[in-house]
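These notes are about the structure you will find just below.
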């Protein structure tokens, strides 16, 4: 088993990166690998509850976020600095996440086999 | 007013082609006319007839193609951008000896002059960009 | 003679908004669309940048993009705009610049 | 070492597909082996057989196709990304009743599992991205 | 005759934007319109002399910049702040340009019929 | 166990470099490629950011990308790297992260 870490760095909807990262996370989980799913920079916007993207022709991926646990993806993190800078707290989020510091994220990256930033 | 629109972003990975479509619909709904929609750079991929969209997602290429035909809009795909990205009408496919053409209904392939012409003949020009 | 500056990328990621604010003149307007609407969120550093520059500039944010992203706590200088408003803003200004 | 490479950027408008090709050539030249190259998101456009490049510019699609065939590399185009962007092999064209296929020689269309498999079987994975 | 202003905002080579903007400028000049070609933000890097993009498979567009005058494109500007921030001076540039301030650029934009930023 | 951080977008345009520097640990390396090499230019604000963070971090810039852009006056902490060096950096580090 390898440790695959995913860094979700882009806002939802403006680009397809958020969905592309989620699809990779789910594919990795199907292969029963150890997955870390980390939201940082504008990626933390992906976690905000209440998305309603019908008006811009996009798909709501919040349901898929809630299914992460079913796929065995338990290690979901958000970078504390990214949250703070955007005035976000856990109360704004669709799913519970663990907050991590930049140093903790650095150590998590170091300890991974493959790191993918999208 | 007479409005022209330019789109430059990649349809499958950026929001701009969707935004441009909503803008054009609102412009027509508000009583304006659209002189031309010009697709440049990666936005020419909107003209591909070969895209297949998952059933639970919106098919933006089909939506644009239908919108253009329904309102009989002048929709131009930039030829230089299109060739580099593998979007060909029947004429280009023959000219470059390619085995297939893939330009969807409603679009024309033409040059940058069509965009300059749109600037000269429109009251307003709006870009939706990468 | 005034210009509509359309900003479509996140102020947390690119400098599109900064560049638009740098050249915008009094009487111009800023319209935030797509990921640009994140600049409308209240109390962030970006909101302060926008509020600071907004003297004599009107600031709009596209409501479809706000709703998609569940952004409801907006800076008080931000005016919500529909796509029809977007069209009317285009017509009311002499020209537009798209900053992405 | 055994290296795999993922590419996500748009070939015609971003540098990443070119950078990835230079990297792969240097890796082979330095004695390493390439387990797989995986094209994801807009990078799947590298598999289009319909691109036409001006004579004074490099044809990156052709360069990748030749490089893959010359070195018999495993080059996978992500199927979900490809369908949305109108890149089809003969089988997909038939399945979705499209009039043409446009996948260039050397590439295979397959799923994200191929990328996970590459992660599991490579010493190093490098991404070239949008 | 209309006044068409082009804002070249992206660095060369990393994306195709620089070339896309140049092509639009040349097309507009062929139609004998009044063209302003303004380099700002990372776009000022397009003007730096000595580009050698062979090693990255890209085309050198500096020759095309020198041909602007032949096409009747005389109004070529660079934003002073963008130059300064990148430690660039006229001495670094392939072609002579007029420096403009943000306020001057704002006025130029206001006075244009169509403005295209690429 | 150390990581190669590959930064491919301009520090004047995106925050990729800032994010990489934020999480990079001592012993990690930064490799600037594509428009990322503009961070290597000496005496800019970006060069200072890089130099300030570079304590215990090695910083490389891809020579093909420097030459393409005619960048020759580099910060003195920046080491030029060929594509072969790029491959060797990948092999010398446990993993890599691409920041764009």
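Letters A, B, C, D, E and F name the chains as they come in the text, with residue numbers starting at 1 for each one.
Just so it is clear, a contact is a pair of C-beta atoms (placed from the backbone, for glycine too) under 8 Å apart; a residue touches a chain by one contact, two chains touch by 3 or more.
Because the structure is predicted, anything quoted here is derived from the model rather than measured.
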Sorted by label, the chains bordering both chain A and chain F are C, D
Comparing D-E with E-F, the one with more C-beta contacts is E-F
Per the C-alpha centroid definition, the whole-Å distance linking chain A and chain E comes out as 39
Distance in whole angstrom between the CA centres of chain B and chain C is 26
Multi-partner residues in chain C (2 or more other chains touched) are 8, 12-13, 15, 34-35, 64, 95-96, 98, 100
By the touch definition above, chain D meets two or more other chains at residues 12-13, 15, 19, 22, 41, 80-81, 125, 127, 129-130
Multi-chain contacts in chain A, i.e. residues touching at least two other chains, fall at 13-17, 41, 56, 58, 113-114, 117
Contact graph of the chains (line, ring, star, complete, other): other
Each pair of chains that touches is included here, namely A-B, A-C, A-D, A-F, B-C, B-D, B-E, C-E, C-F, D-E, D-F, E-F
Interface with chain D, chain F side, in the complex: residues 6, 8, 33-35, 64, 82-84, 86-88, 90-91, 95-96, 98, 100
Residue set of chain F touching chain A in the complex reads 1-3, 15, 19, 22-25, 28, 94-100
Chain C contacts chain F in the complex at 12-15
Within the complex, chain B is touched by chain D residues 10, 12-13, 41-42, 45, 48-54, 61, 80-81, 83-88, 92-93, 96, 98-102, 130
Within the complex, chain C is touched by chain B residues 1, 3, 9, 15-16, 19, 22-23, 25-27, 29-30, 32, 123-130
